[in-house]
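In this document, chain identifiers A, B, C and D correspond to the written order of the chains, with residue numbering beginning at 1 in each.
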Amino acid sequence: MAPIVGKFKAAVNSWVAYSAGLRHLFHKPYTLRFPEQRYAVEAGFRGRHLLHLDRCTGCGICAWICPEKCITIVQRGDRWFPQYFYGRCCFCHFCTDYCPEFALEETVEYDIAEYTRELLVWSPERLAKPPAKKDNKYVFSVNGSRGASQVPEQGH
Amino acid sequence: MQAMSPTEPGAQTMTLSVGPQHSGSGHMRLIVELDGDIIVSAMPDPGYVHRGIEKIIELRNIIRSIPVIERPSIIDASNLNHAWVKAIEELQGVEPPARGQYLRCLINEMNRIMSHLYWLSIYGVFLGHTTMFMWPLGDRELFIDLAESLTGARITYSYLVPGGVRRDLPKGFAEEAIKRTKYFEKRLDEYENIFFKNPLFTSRAKGIGILTRERAIALGSTGPTLRGSGIDRDLRKDEPYAAYGELDFKVHTRPGGDSYSRAMVHMDEMRESSQLIRQILEKLPSGPVRRKAPIVVPRGETYARVESARGECSFYMIGEGGDKPYRARYITGSYRNLAAIPEVLKGVRLADMPTSWWSIDYWPVEADR
Amino acid sequence: MTQTATPPQTLKPSAEGEGWKARPIKLKIFGNLIAEVVHKGICMYCGACIASCPIDILFHSENEEPIMRGTCAACQVCYYSCPRIELPVAEIERRVFGRERTSEETILGIHLGSYSVRAKDPEILKNAQDGGAVSALMLYALDQKIIDYALVSGFTSLQPWKPGPMVARTKQELVENAGSQYTPGGQVGGLAEIAVPNRSVVDFQEERMALVGLPCELQGFWRMNSHWIAAPKIGRNLVFTIGLFCSKVFDYQKMMVDYVQGERGIDLRTVTKVNIKKNRMLIYTGDRLAIDEPVEVIAHAAREECNICVDYSAELADIAVGAIGSASGWSTVLTRTPRGEDILNGAVDAGYIEMKRLDPLGKGMKFLETLCERKRLRDPSAYIRHNSAFPRPEPKLMPLQVPTK
Amino acid sequence: MSLAHEREDSLVKTLKESFPSDIKEATVVRRSRINLVVAPDKIADIAVFLRDKLGYDHPSGVSAVDYNREGRFEIVYHLSSIKTRDQQDIVINLKESVPRNSPKAVSLVSVWPGVENYERESIEMFGIQFEGHPRPEKLFLNDNWDGPPPMRKEVRFPTD
């Protein structure tokens, strides 16, 4: 008797499994096609650093605290500024935390890939440029019944 | 359906080298002795992703070591970070403020869910169940998004520092988190319908890869592997740290000791953690989130341990007063479950090897350090 | 291997400060601070260096001087946060008050009004030094959510009556830490020690704070916030400061431990109030007056670091509070900024304090001015390399014109 | 350092009574942490006593520390107990010191099977020989590593 009941339960369970899968046939996918649809990260996202040249005193705390030692202090005229090598940076942002002067900030720019390693070395002037404004942003939102999906950002 | 008993010794057996390849999460090799289809013995050969983190820690000061100690298991970064920070604070005698403790528990529980979800998706793809590969990885985005607004990073947060946490809660975090955890619990029920009740899985997991209670204790296994053999051992309850003393939650165990019960322990813990997140957000006290702590490891020694997603992650740290520890012995959950793998794979059919092996949630990167 | 771009010609000069200075080859690190300030005996233990250190390795210590635990990163921030190295008062006043002080305000500094204030709450009055103005104003600011917590000087360490920075969020904590202590406590150091603002730039719920401090501590705070190498990040969540009148401060070991507990044999734990008034030292245990002696008895305990301080009436505070110039049981309050004025009037309307105007030409204010003047005549230049640029009165005093409101 | 230590003190007392001569030092370091320094030759039967009588059957790890200034290796067995419910949070650090020039120790795999991997790591990282170890080969380092044991203090890497 038991194997028949077992077989019947197995059939029911597998039907439950298939129906659970089929129900999601018409849900929208999560995936975003990157360059066209861009993921909207929030203000505090730890992306590329932004250097305020006027506040930086060249004290070197960022180079001292950097776990990957990817910051070197370079001289510009008679002042000193950090220069970042993004080939080694792990974006832990201890530098922005420990900078005593508000001179380093997080930006939401995360696409900083380059073709050559030399271009990954960001000089202070390049760090000082604010990130470019990018549109076609998508926000990950959850609405109870319909489920989670990526919806275009309302530009809040 | 009990697994076949291993054949008598001396029978003609074939040794098979499974690996070294990216076995779901880092390279590792299994030298498996087969008698026909049944695994007679399995000997893990770890070490392909060994980076010598214990040596690196001795050369860097304690703040610069934080990203290093998170690398063994980046999807469970904040629990490992918590073990490191707890060891330093015990030596320094610094006590983070209450709000900092609660935020630590919040990020730990979110990390536990993300780690279990990643485990579940690899579990699905090991059994060829690609829907089970897509869904958990997709739903992980719920919590990655929350962690990104809280700490600024998606996966490796380096959010805990000696003395507290680095940032306070952003505005509107609590409502969003409560909405997402409720939605997530509905998704967990769907996982059970499509995967855990599915006979395709249960027939390959129930009764497979038995780890008896005595062997689990003797081998020193920990985390869901231990709790899957019916032992209610959870550091958050036995040795309450951070704010776990003030939170009430249940430790989930399953008596079976087979792959199925280990898997279901993961599922129960995910529900428990999402309920814990809501509870933490309710009881969150006000006040500063960080206390000033020196970048110094005072003289002395301590053995601090934390319940990470894969089990107890511990630091035996010896300080001698400088800003670097004299010795930091780093034992992670997977390293302790390494001894259970041969035990679990004995007598299992080769086709069922992935289910019983991956139910231990063995993470080669975390074991090799 | 690195592409060095051409150096930018037109780098904008910094918002405040002297513009560009070549990076000195010889960096001024904590060692220089110790040599030029602490060992020269002019460190008044305000705690500005302790708060400003970016990597948090400077700490309070037993013998009232900053100590370093760990390895220094040579960033010069602590050196340029110390008010005893250099104190450009004119520039700080432009920053705090928006204008420099006029010639009549040479002695009392910029102040909008002078009042006599007493707290209405009996619980505050019981513990207060005189009128309980500081605790009452803080309580008003806490209740009206102007601030989230107040950094007051309380009893932190294990030794009884050893002051230290304390975070006060509730009335109970305020009352507990009310009353002045006449020994230094490193108040500004509490900014990084206890009330650590999260240092990241993104504006999360920033906790607003008010600071109570001696005149030298306020000098340290504003020095830390004005020099371009110092740490502007630390005080950014400050709403207003309350300064205390102060003639000089005593050494904890010599005054409390050796004299009061040693010679006079009074257990410091039982001491409830210490008051130095009209050149007499009054020490109460319970409500019994245990010691009533002239101040000269502990003259040897006076810290000689205070001999060079010329600021009696907390000239850089929003609200300056003290006992001199009012009847006993009342506190004299000088409001120096519009913000201070609003808080004081708000406290009166909300019924936290009762207030009487003090006539600027009256006997009390005259006495206050003479004390300020006597302190102003101390000669700081012998100690500080750069003169501390506190304006010095002309030799003979012109009669003050009544400032038209 | 905090609260009451009766459980830990009673444990230390029972240990001292049962092995008066062999235990060099038994101290309560921190809340629920006990250090137990024993002579290398007596560690085996102390281990059996710990496992059977006191119920410390769950090994949490083995650490080896290179005190090169004192010329010794220290091998620490971290033991916790699951059998006795009320001692779930206590960890006993069973320590033994072996001389640095001839680091020989007795393997405790027979007492706790779980320590096999940790001892293998100490073999390859510090060069300590464990007698009676079932498989004393390398664990993490690859087979053709002929360099010195990397975790010793005299092996200096270029500090970054």
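Here, contacts are C-beta pairs under 8 Å (C-beta built on N, C-alpha and C of every residue); 3 or more make two chains touch, one makes a residue touch a chain.
Note that the structure is a prediction, hence the values are computed from the model and not measured.
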Worksheet item: Counting C-beta pairs in contact, does A-C beat B-C or the other way around?
Response: A-C
Worksheet item: Taking each chain's centre as the mean of its CA atoms, which one is farthest from the centre of chain C?
Response: D
Practice prompt. Calculate how many whole Å lie between the centre of chain A and the centre of chain C, each centre taken as the average of the chain's C-alpha atoms.
Written response: 44
Discussion item. Nearest whole angstrom, what separates the Cα centre of chain C from the Cα centre of chain D?
Written reply: 54
Fill in: CA centroid of chain B to CA centroid of chain C, Å
50
Item to complete: Determine the centre-to-centre distance between chain B and chain D, using the mean Cα coordinates as centres, and give it in whole Å.
Response: 25
Worksheet item: Can you list the residues of chain D that touch 2 or more other chains?
Response: 160
Item to complete: Identify all positions of chain B at which a residue touches two or more other chains, and write them in rising order.
Response: 60, 63, 152, 166-167, 170
Item to complete: For chain C, jot down the residues that touch at least 2 other chains.
Response: 55, 199-200, 202, 204
Fill in: Chain-level touch network, classified as line, ring, star, complete or other
other
Discussion item. I'd like to see which chains touch which, written out pair by pair.
Written reply: A-B, A-C, B-C, B-D
Worksheet entry | Residues of chain C that touch chain B when the two form their complex | 55-57, 59, 69-71, 148-149, 167, 169, 192-200, 202, 204-205, 207
Response to the item:
Seen from chain A, its contact residues with chain C in the complex are 43-44, 53-55, 57-61, 64-65, 72, 74, 76-80, 83, 93, 96-102, 105-106, 118, 121, 123, 125-126
Worksheet item: What residues on chain D touch chain B, complex-wise?
Response: 29-30, 32-33, 57-61, 63-66, 76, 78, 82-83, 88-89, 91, 93, 112-118, 138-142, 150-151, 157, 159-160
Worksheet, complete the sentence: Touching chain A in the complex, chain B uses residues 60, 63-68, 131, 138-139, 141-142, 145, 148-149, 151-153, 156, 158, 166-167, 170, 179-180, 182-183, 190, 193-195, 197-200, 202-203
Practice prompt. Spell out the part of chain A that touches chain B in their complex, as residue ranges.
Written response: 10, 13-14, 16-17, 19-21, 30, 41-42, 44-46, 65-68, 90-94, 97, 106, 140, 142, 144, 147-148
